[in-house]
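Okay, structure first, notes after.
Chains here go by letter, A, B, C and D, matching the order in which they are written, and residues are numbered from 1 within each.
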Amino acid sequence: MRIKITACLLLAMTLAAGGCGTAEPPADDPSGRGGSLTILRAADIDGWDPDKAIQLATFQTLPQVMEGLVRPSLDGASIQPGLAEKWTLDARAKTITFTLRKGLTFSDGTPLTSKDAAFSVGLWRKGLSMGTLYGAITGTATPDDRTLVIKMKKASTFTLAWLGNGSSIVVPKDFGGKSRADFFTKPVGAGPFVVSSYQPGQRLVLERNSRYHDPARPYLDRLVYDVVADPNQQLLRYQSRQADAIEAVPLDLAAQIPEEERVLVHPSATIHGIFVNATKAPGDDIHFRRAVSLAIDRARYAQAVFGGLAAPATGGLPPRVQGSVGCGCTYETGIDKAKAELAKSSYRPGTKVELVVDATTPFSTRAGETAAAQLRAIGIDVDLQKLEVQVLVDRQAKGAYHLSLGEVGSVSPTVGDIFGLIVATGGLYSGLPMKTIEDAFDRLEVARTDEERGAAVRVAETWIHDNLPYIPTAFPDRLFAVSPKVKGLKVTPFLSYPADLLQAG
Amino acid sequence: MTLLAVDELRVSVRRRGTELTVLDGVSFAVGAGQCLGIVGESGCGKSLTLRATMGLLPPGATRTGGDIRVGRSGLAMVFQDSHASLDPTMRVGTFLADVVRRRRGGTRAAARRQAAELLAAVGVPDPDLRLRAYPHELSGGTRQRVSIALALATDPRVLLCDEPTTALDVTLQAEILRLLDTARAERGLGVVLVSHDVAVIRQVADVVAVMYAGQIVEAGPAADVLDRPQHPYTRALIGAVPSLDGPVGPFRPIPGAPPDPAVYTPACRFLPRCGHGDAACRGPVPGVHALDLRHRSSCVQHSTHHKERT
Amino acid sequence: MSAGRLRFVAARLVQVLPVLTALLLIVVLLQQLMPGDPARVMAGPRATVEQVAQVRRDLGLDQPIFLQFWAYLTNLAEGDLGRSNRTGIPISAIVGDRAGATLWLMAGGLIVSTALAAPAALLMALRPRSVAARICARSLTILVNCPPFWIGLMLASVLALRTGWLPVGGFGETFGERLRSMVLPSLTIGLAAMPLLARSAAGSLRQVLAADHVTTARSLGITGWPLVRRHLLRNAMPPAVTLLSVQAAALLFGAVVVEQTFGLPGLGAELVSAAGQRDFPVVQALTLIFGCGIILINLLADLSVALLDPRTTWR
Amino acid sequence: MTAVTFFRARFRARRGGGRVRWVAVTLLALVILAAIFAPVLSPDDPARQTLDQLRPPSADHPLGTDALGRDVLSRMLYALRTDLLLMVFAAGLPMLAGTVIGALAGYHGGSLDAAVRWVADIFQALPVYVLLIAFVFVLGPGTPSLLVAFGTLGWIVYARLIRTEVRRVRERDYVSASYLLGLSHTTVLVRHVLPNSLRQSLVYLTTDMGLALQGIAVLSFFGLGVEAGTPELGAMVAEAQVLLRSHWWLAAFPGLMIIVIGSSVAALADRFNEDGEAG
């Protein structure tokens, strides 16, 4: 199985924010420098080694310290300069040529040259876990200290987009003489912040990098991330102003955040759906899968499970990112039709169908109960099982399940991100052949125009709609709680926010 | 001179939420230099009588009636199991000196000296060494002597002894009994000695009260009661004890078991095991008081026999 | 110390060995027992089968179990607890970082629960029929049935949030901050642990109260406070120490919940998150530390009980 | 104290104790009846989901509705069934196992006793949470795993209790006396030793029942616990935990019910306690 792109699989629904900052200058007066903010997140970063990034928090935080060549723009539609001030994609030569900013230094004062960038590209490519995501890259060249040429086997626009992702970070050549493990316990980069102190699982304190290439940013002197897993504790800290913001408040608690302190991402670039094991009965029968899809009343589901803080799913790929063109088809609902489809399928009433859900949040259990109730209404004998999240992942990977409930969120500004995950996981653990999606992605990867992109995505959407490797049910919202003290928080649909633009009012 | 008089003592115990009267109308008195022996089978209420007299009923048991008159002087008690009745965490001397000081005041050193004297008085050899010992480091006999010394440290007028020799072997038993006898003679103590062992009672008691099922069934001077028992229970009790002095007869345990307090009645409680009973035994039987030196029993049969004979 | 006591201590120490061995074995077996493949967790959702296999090789999980056990033992013998699979941080550093909060919490919990339980136990044992004792007993019954996270949440949202006197959670940096931040968690864990402690302590006091030697003391005219101090407490001490040691073990469990509720960066919270992430080196090390802690506490309790009791010689 | 005041004090005390116990018995009886007649008493199907979510108590829904719009009263009534059974088994099975093991170990002593003590030591030296996780994970969340987990971890206390008691009682005179009379081991154990030891266990059992309910609540707090969808008090409390401050009734009533059940059972135990004191 060839893997091209990534996304963050958020089965635990442990949502934190992801993405990167942007270089757009703030519209308002930039004099508001100084101050400190404390932000709460439910899960800590996976450490500083980009190859180990799984949590969204990691993709969000790594570039704050170790900036990449480019970063995505705030609306996610384009690529913005990072360490590189400009770049050109030569489709014929299959190269991207980056020109680094003048006078770049790492936070320890060492100059940053194209050698460091080339070393970093090598690092990404060799990554055990992420390496294949850079599969199009075949090599680098460094004609001078400020020029980096990335050679590819095809003119991949996706690779360029992916270089703006949180795992594409620039580190000193040969880790500045340290071992990889040592370097990543005390990382040095050229991002807007430096690590002041880091206690894994507890607290990360970032401080302004005085050597950052943009003298105006970051605005904050200090940015503290406190890891607090318990939602009540999060809310108490926030209400007592021991913290200024919460990244991704559990939607249960939405009612307890005053209206004016909510930053709502409606909907986020996340698909919530029922994953189907299509390698064994009854999921191997398309009629059964259609029956399941028809059984889910998506509007009702969004209301019941998310309290209305979600949009009913209208396609199989996440909305509001580059290339989200929708399906051009509809996901219908209807008990009678569903029963008719079920009758056509090989499913015999009375046969137990396992629906496995993550046990660790009341929220996912509740989603399971709602889905189970709707499936039972058409005559599927659902056996709802709560599983600890890693057990669930294990069973999905091994195909030891019938149905499961999950969420997949985009971490990058392009819908192609999810393509990669779908391919890598065999259609989110359906076991169906992913040839069509793979081909569609090959077209998407080299697409130069929105039309070409739209055409490629629509092929995939249509195939998902017709074959239902998974059944999309909702596009959930994400909610940030933000106290009046915090200024300049702008959250993208894929949940990144530029931390260097935050201000403490 | 009467030092202690117990009148119509009643004690109940709560079991499964109901009150059971386990001691009923127990009366006895003891004078200076006198030894009252209370004898009976296990569970007849002998120990409970002593504890009630002392005011040390176990939790769950309460005195529900009766009167206890003690002269100006106090009571002290010697317990059966000297192993359990001495605080295991305290050196003998500390405990003894504590008691002495509590009673007589004075300095620690003085109390300690008196403690040593007391130990010497009860026949503990090398008292200074023993004062530093923990109870478990002493032999059974020495421990019981310590118990007696503790009791004597409070300068009591009446000593209540609950089976003081049961845990000891025969030689030690005799020694302890002699010690009690000496203490009685020298200090003019009244002694109430409880035992299930008729031989022990015979050895030291002037007056004997026989208890059965929470009542005194026969009382009188020791010689009268033990040699000319009136109550069939007393006869059985004596018969059940192999005597070294008397003719070697067969060992005859009393058949049956004492009744449970739940089925106590005003009728003769020994009737089911007696064998001589008739209708009269099913009516109320007279209570027996060990207040004076008259020999009497609660057996209605005996009184009728007696009348017939005279 | 007499030869007999030395022998006792030695014997008790020898008894620890098989327990320790079994603990080690279980610690290593944990990985086998807990479902959820650590290699897959580490490799991430997009990893291929080959990549997962590679991670498994890197972690040494493809080795036979006895080799893993041996490797673990030899590392342990060198004082090396290993590194976290996830962050690569040496576990000794993690433990050093996290132990503080847990130790504070346990100390606070022990102090609060003892301070609350001791008077309650004395009251219930010495004046069992008094109105106060009855009220006390009933309140304990109710308290023992309150879920601990409830107590914590109530304390935090009512006491701390309303008044602002105390932090609602977190650990703080300075000694003063830590002291303040420990008040509510200690109170929570103390309140949760106290009813059982009070009840068992009252029970053992009652047992001592009914003991023959206390009757003897009372027959000798020793009553009131001198009786309590000289005879009751002294004899109730060994069971109380044993109780406290059991309590300390229970506190460790409570600590997991309370650390979670108050967002304290303790070992319990770390164990929960490491278990959730299948970070087995951390899970193993923490299990081992907790286990050894409990073994040590039990050992100390047994030894001090033995030393408190002059009768101890052999067994 | 004169006889009269003595009697009064005693009378008061007895009436006081009796009243509490009477209340406890009544409450418990009501709870059991409510569980038995749950289908009749419930105003609604406990599983029926509506979009009337998180409503406060009203005439239609006396205890309000939960996050899925289900009637909380109905769920609570059905939860009683789950919980009473769970309580009895989660506390009863360990007691049964512990009693048997402890009695055998205490009575026979020797290597059996040593082995039991060893196993108990090991179990006590392990962080319970890890074991619970391991158990519940291996077996998957759900009632059977709960019972196995509680059973495996809970027997130790009883075994220790019974073992100590058996050893103590065994050394008392009357057991040796019964020996002399030629009674068999089992007879002695069953007739003389166990009744004495069991009383203490029963006291512990009643506490344990309350604790079992709480244990399940705590497991639910970590996402383990009974099967999804099954109404269960601890799970109801744990699920409503995040909403405690905005929708207090969701956690309050099931929580109160846990306290009522636990306290009532414990109040029953006082009876054994008092008898214990008397005997």
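Heads up, the rule we're going with is that contacts are C-beta pairs under 8 Å (C-beta built on N, C-alpha and C of every residue); 3 or more make two chains touch, one makes a residue touch a chain.
In this text, all values refer to a predicted model and were calculated from it rather than measured experimentally.
A count of C-beta contacts for the chain pairs A-C and A-D puts A-C on top. Compared with chain C, the chain whose C-alpha mean position is the greatest distance off is B. Centre-to-centre separation between chain A and chain C, using Cα means, comes to 40 Å. Once the centre of each chain is set as its mean CA position, chain A and chain D turn out to be 46 Å apart. Put simply, the C-alpha centre of chain A and that of chain B have 88 angstrom between them. Taking each chain's centre as the average of its CA atoms, chain C and chain D sit 22 Å apart. Annotation for chain B: residues 59 touch two or more other chains. Shared interface positions of chain C, i.e. residues touching 2 or more other chains, are given as 35-36, 153, 157, 206, 260, 272.
Shared interface positions of chain A, i.e. residues touching 2 or more other chains, are given as 232, 360, 388, 391. Chain contact summary for the complex, chain B toward chain C: residues 51, 54, 56, 58-59, 74-77, 79, 81, 84-90, 98-99, 102-103, 134, 136, 147, 150-151, 153-154. On the chain C side of its complex with chain D, the touching residues are 15, 18-19, 22-23, 26, 30, 33-36, 128-129, 131, 134, 137-138, 141-142, 144-150, 153, 157, 196, 199, 206, 246, 249, 252-253, 256-257, 260, 268, 271-272, 275, 283, 286-287, 290-292, 294-295, 298. If you check the complex, the residues on chain A that touch chain D are 231-232, 235, 250, 252-253, 255-256, 300, 303-304, 307, 357-362, 365-366, 368-370, 372-373, 384-388, 391. By the touch criterion given at the top, residues 35-37, 40-49, 51, 54-55, 83-84, 86-89, 94, 97, 153, 156-157, 160-161, 164, 167-171, 260-263, 265, 269-270, 272-273, 276-278 of chain C touch chain A in their complex.
Put simply, chain D touches chain C in their complex at residues 9, 13, 16-17, 20, 118, 121-122, 124-130, 133-134, 137-138, 207, 210-211, 213-214, 217-218, 221-222, 234, 237-238, 241, 244-245, 251, 255, 258-259, 261-263, 266-267, 270, 277.
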